[in-house]
Amino acid sequence: MLQLVTAVIQPHRLETVKEALTEAGVAGMTVTEASGFGRQGSHTETYRGAEYEVDFIPKVKIEVLCTDDDAARITDTIAAAAGSGGIGDGKIWSTPVSSAVRIRTGERGLEAV
Amino acid sequence: MKRKLIVGSVLSAVLVLVLASPAMAQEDPSYATQFVLDNLWIFMAGILVFFMQAGFALVEAGLTRSKNVSNIMMKNLMDMSAGVLAFAIIGFGIGFGGDQLLGGWFGFDLGIAGVEDTVADGLLPSTFFFFQAAFAATAATIVSGAMAERTKFKSYFVYSFFITALIYPVVLRWTWGGGWLAQLEFPFSDFAGSTIVHGTGGWAALMGALILGPRIGRYTKSGKPRAIPGHSIPFVVLGALILFIGWFGFNPGSELAADEFVMPIALKTLLAAAAGAITAMAINWTKDGKPDVSIAANGLLAGLVAVTAPVGAVETWAAVLIGAIGGAIVVFSVGFFDRLKIDDPVGAISVHGVVGTWGTLSIALFARYDDAFLGRENAGLFYGGGLDQFWTQLIFVVVHFVFVTAAAGALFLALKKTIGLRVSEEEEIAGLDVLEHGSPGYGHDPGIPGAGPIGGARTPVPDRS
Amino acid sequence: MKRKLIVGSVLSAVLVLVLASPAMAQEDPSYATQFVLDNLWIFMAGILVFFMQAGFALVEAGLTRSKNVSNIMMKNLMDMSAGVLAFAIIGFGIGFGGDQLLGGWFGFDLGIAGVEDTVADGLLPSTFFFFQAAFAATAATIVSGAMAERTKFKSYFVYSFFITALIYPVVLRWTWGGGWLAQLEFPFSDFAGSTIVHGTGGWAALMGALILGPRIGRYTKSGKPRAIPGHSIPFVVLGALILFIGWFGFNPGSELAADEFVMPIALKTLLAAAAGAITAMAINWTKDGKPDVSIAANGLLAGLVAVTAPVGAVETWAAVLIGAIGGAIVVFSVGFFDRLKIDDPVGAISVHGVVGTWGTLSIALFARYDDAFLGRENAGLFYGGGLDQFWTQLIFVVVHFVFVTAAAGALFLALKKTIGLRVSEEEEIAGLDVLEHGSPGYGHDPGIPGAGPIGGARTPVPDRS
Amino acid sequence: MKRKLIVGSVLSAVLVLVLASPAMAQEDPSYATQFVLDNLWIFMAGILVFFMQAGFALVEAGLTRSKNVSNIMMKNLMDMSAGVLAFAIIGFGIGFGGDQLLGGWFGFDLGIAGVEDTVADGLLPSTFFFFQAAFAATAATIVSGAMAERTKFKSYFVYSFFITALIYPVVLRWTWGGGWLAQLEFPFSDFAGSTIVHGTGGWAALMGALILGPRIGRYTKSGKPRAIPGHSIPFVVLGALILFIGWFGFNPGSELAADEFVMPIALKTLLAAAAGAITAMAINWTKDGKPDVSIAANGLLAGLVAVTAPVGAVETWAAVLIGAIGGAIVVFSVGFFDRLKIDDPVGAISVHGVVGTWGTLSIALFARYDDAFLGRENAGLFYGGGLDQFWTQLIFVVVHFVFVTAAAGALFLALKKTIGLRVSEEEEIAGLDVLEHGSPGYGHDPGIPGAGPIGGARTPVPDRS
Amino acid sequence: MLQLVTAVIQPHRLETVKEALTEAGVAGMTVTEASGFGRQGSHTETYRGAEYEVDFIPKVKIEVLCTDDDAARITDTIAAAAGSGGIGDGKIWSTPVSSAVRIRTGERGLEAV
Amino acid sequence: MLQLVTAVIQPHRLETVKEALTEAGVAGMTVTEASGFGRQGSHTETYRGAEYEVDFIPKVKIEVLCTDDDAARITDTIAAAAGSGGIGDGKIWSTPVSSAVRIRTGERGLEAV
């Protein structure tokens, strides 16, 4: 069946990840802007002499719907392309998908991807 | 006031093309200084009027959606550029050049002639042209707002050529050009152009909005109006404030001389604007429960448009009243056209067309002084002037309305039949910026290329390539 | 300089209401031209000062959050409109009309009288009123910034009526109106209004911010200040540049005549502004590690406010120094009020109140020329003038501070008790735009209706209906 | 025209430092009025030129990304502030003070001397300095656009000091300062500074962009240009309109007197701007399929830059042609530098450097009148003037190009070697606003702190703390 | 038990989908802006004479929490309302939900929806 | 195994929720802007005298990847911190996660969190 691979990455790595996935034969993905809180921690910014904490860092969330078999490969592809070795590179997780449809054609399951 | 006389004199200069040497004007030093002051002041007033282009661009951009923001800015930029050249080459000559033909209904002279650096008594043709070109550009740019978010750029560009080359100049010819309306027993009065400039823009806007039809989604199936909020109220207010500033060139400059009549005109302009803004806000607040910001801005402009015609003829208190009534009218007028399903995103028809007409008619009621058009004092009904002036003003606004709506209507219909007036449904939904001009008006850089939150621009995410 | 004399003469004109015919002024052509030039220049200076309204609106909008942007623009638009009318009907008469009552502490005359088109020696009342109204609107609009993001629109609107109708005019009466401060043995000096205009706005702003209390979230439980960044730094800088431009009407125009003293004043204004910006940046940079953009903009304005009072009396080098000190003061002052938990989002109290006081006192140190207020040369301590002028300037700023804080404080407390001064917590969190004015200040069109990223406006997604 | 003579007279005044009493100038009232009018007009023209600072700031901000918007606004604010002071203390004296040294290649006088309130025949030094300082600030600010999004603020600040203190003043000395180019048999002509002001800015911009290298992501591995869209086209057009307005101080003010030559200059400026905008749009439209908005805005500015030098010498029709050619050049020039991988986000090199050169050379072709620099009529090739003027103009632009590129190049390389010219890669990707100035240029309040859609500002979400 | 139906659609279809879902008795939904990459492919835009690729197309993501039984019906409703037949209409998928809570009331499971 | 706890809350509660979760020992989370449609219903806004419905209310979506055991506790923590008792407070749901990776280190499963 299908899996949904979700990755939270650094915004400026999106282009690289997109290219890697395309090469890996991934036909599509859905991307969302997000903010991340984590080990990367917070930094302070100054404004008119006063300080304020910024602990939500801009991130990008990528969702790829794929077959169970592809899930691992896609996860590795993303991990490889998104990794800078720096703290805050993000996470990838996959969740089981019970059904999928391509709106245009009504194709279901594997065809939908 | 000197105004009209000066128009006359410049006219003759344009016609006869006296190549008087600058020196001539210099003989009496104090005369020379007054001469330079007159020209310098009208030139500066012209700069202020040109500054209004930025005001119109901002008001229109602010009251429309971000996906069309580049397009509306471009229209404002180019109607000025095209308008100035069209007016220089053709329009100016039709408005002010040559003999009065067909009994003052037309005339012509190679526009550029008025642009020769000949020195005339009073104003240099270059000064006079500069000021008049700023007015022509104003009349032209009013229309873009009412037609915003759905008009093809190319068609709009063509329109802006014709209105400044032909439509507006013919109106000029009839009026400031000394044509038939100036030759009536009780001549027309429109000191700075409530009808001549704003009315022309406003009624052309009416035809544009009418022929285009409303924006997709502006009315529900049931025909109920659905608001389409603009994307930037700060742009609207900034634009309105710039227009307010520009109006101090528009009205006082229309004195066409540096004399002691300029400042009272400025004062009446100021108070009418304030009265318009406050009245519009008060009525809108009572009517709709909350004071809408862009309606208040419309009210400020309505006060200004209303006082533009009568500013030379009325007393200060009357100017306040006229501005206030203008502010009141605009609130109801905006709702009126909304119900008629004439979709005017910025309220241009109401502010410039409807309120401009009010301002022009108000002279028949409140005229106390001779503004150099009326040719007599106390021409107003409330000063015992009877209805003489009323009939003239009525004929004026009616004939003007018929001519402008007919001419602009024909122009827009012709464009519709030929290159097409309205963009495709896809383009309207996607926004005109990308499809007409290649890229969005607002960028969205950090994070995702695509899905820019305001208009959807994007930047290639930096990579080491 | 002619300044003061002219105020005098216009006053008499306002009082006696001489209905001298324009012609009169015309007899000697060169006199007539100078007369027109004086009036035209002051009128243009007034236009520049009115343009400052756009500058204030932008600075305040930029330094506050997008959810309140319509509200702050509306406040700026309406305090000008209300202020101009209130000043015309009541304020102007209190400031300049009638006899000196209570030993020059008060006076009155139907304001509108000063608006009659009577010709006075020097300036037309319409010219003088136009210029003074621009100043009144400036004093009024300063306050909106300090009270931003939490003040009820209705209460603010009422406030703006009272400050232009009563509070500011009383200050005018004491000073430019020829009242008690002008009648001291060593008369006060405040050439263009560091205290009269900016101080009045700044101290009213102080009371407003104090009585309102800080914005929700501005201070942590522990009382530590937490920055609430504004939503548009480009608006802030654009606004500051517009204010900078407007100041060339504000200071040089205060000469109230077209003469050769105007340009040195302009020059000193220019250099003081530059010095203020650079000093503020330098200090802020060293102090906080990074050059903050809005602090630099505040510095530019501080340099301008500081030099506004002494600009007529000091030498060029002194103007540079005074501006630089103004720029330095503003950096520390902003931090000072921040620690006091007086939440002033735009720094209005510091820029206009604190620095305005510095500028007014600086005269006692640096006065070299007679600016037509001092009545003598070398009045400054550094020119051997001793402390005579210092005591006057001190009395001036102290009495002014006491009066304005008392009057404005009473006004705001009265509003608090009656219609209420501050919006509800819900409204403050949601933003004033939607709840006070009906819809958000920024639209968000493509994609989701709702959750607009900048302020949360939305458009019905187009459908075929 | 009076222009040059006046420069001369002010110069002498600056040198001799006549402490003539104002009174002196007053003897003949009509003379006094003309004297005041001259000064007042040039002062106002200077205000208009200073207003251009806002225009440049907006154009540059609009054509770059939101993550760098505070930084570019700050650069524009501070290069003006630093530039004005540097020019006052050093630059002005190098440009106009002291004797002609090294055969008119240099000169010096304590700049501030020109700032003394001495009355000179024609213009007050304060007036003349005010106007010249506005020009110096213009030359300086042109560069920030080409170097945008990657230049260290500190280095830019240092640069802006040197260009206004040394580089631009030396160019002034050679030309308007009466130096060697003014002493040639056929003296140079550059009425308002196509080369002197815009060329200096443009060529310094070229060196800046060249030495910095392109922005990350501007070119693909394969070296193909990749567009990096600006973040606000409305800012670009608003800025262009403000520059257009400012130019009516720039060109007509360069007459340096209030006389009847001012208005024809204004007229030619207007028509050239319109022609530039339309030509640029037309060519870009045909070339790239869609009319790009910022290219049209560049075209408007190109028309203005092109006509800046010849505006005094050419006929109206020629001004239109020169502006149109300027508009055409800019389209190809922008593409040209793009292919050369010289990354100029705003097109400053093309608009000011390349088109400025065209404008300067065009005099050799179209010069019909004596603009007070040429010293003769019909100096243009098309008027039988032969190539005399062409050689002068050619020497002028070539020597100027060599000097400015060498001087600016040395300056930028020195900065690169010392404090560094370019920000780190991390900073460039994150944006300069946060790392150079402490916080983002745009706020994003409702919802999430962090990930602000436009630049990533954020506000502590209100809580009850 | 519960399912989470996730749909990625064309932004201008949101209104239609919302109405369809309301008629279908869906009480609530959560919507997010997204960008999509897929068969719809990319287009080029021009800016100052230079070109650039845009391969992320604006989309809207809809999430509906519902019972297992409703999942299919809701999927069909969305598919019907969002479909324009054009390429890029998007996808719908559902994932199993292990637990749900309504914050206001603390209601769990089915009641939470 | 792992769970993904997803919460849709009122934007102005984000700060409070973040603090509660940090205290509860949650190391990270990913936050997204969203719009909600639900019982809270719609309100009308006025613009230039005309009205328009706003039925999508600004919300914030929080995603926390955690172990099965922590899921319940985290859900309660969020519920407690986000609850104002008012309608529109939002929902929390959790979905099973089949795998997770920390990009930086390549750590999998529980270590990834």
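Each chain carries a letter (A, B, C, D, E and F) given by its place in the written order, and its residues are counted from 1.
Operating definition for what follows: a contact is a pair of C-beta atoms (placed from the backbone, for glycine too) under 8 Å apart; a residue touches a chain by one contact, two chains touch by 3 or more.
Quick caveat, the model's predicted, so the values are computed rather than measured.
Across the two candidate interfaces, B-E and B-D, the one carrying more C-beta contacts is B-D.
The copies chain A and chain F differ by a rotation of 120 degrees on their C-alpha atoms, rounded to the nearest 5. With centres set at the average Cα position, the gap from chain B to chain F is 52 Å. Rounded to a whole number, the gap between the C-alpha centres of chain A and chain D is 47 angstrom. Residues of chain F in contact with two or more other chains: 12, 31-36, 45-47, 52, 55-56, 58-59, 95-96. Multi-chain contact residues, meaning those touching two or more other chains, occur in chain C at positions 29-30, 33, 37, 44, 226-229, 288-290, 292, 429, 438-440, 446-454, 456, 458, 460-463.
On chain A, the positions that touch chain F within their shared complex are 3, 7-9, 32-39, 55-56, 59, 61, 71-72, 75, 78-79, 82-83, 85-96.
On chain A, the positions that touch chain D within their shared complex are 12, 33-36, 45-47, 52-59.
Touching chain E in their complex are the following residues of chain B: 429, 434, 438-440, 448-453, 456, 458, 460. Those residues of chain C whose C-beta lies close enough to touch chain D in the complex are 28-31, 33-34, 37, 41, 44, 48, 65-67, 215-217, 219-221, 226-234, 236-238, 240-242, 244-245, 248, 252, 258-264, 266-267, 270-271, 273-275, 277-278, 281, 288-293, 296-297, 300, 316-317, 320, 428-429, 431, 451-456. Listed in rising order, the residues of chain D touching chain E in the complex are 225-229, 284, 287-290, 292, 294-295, 331, 334-335, 338, 347.
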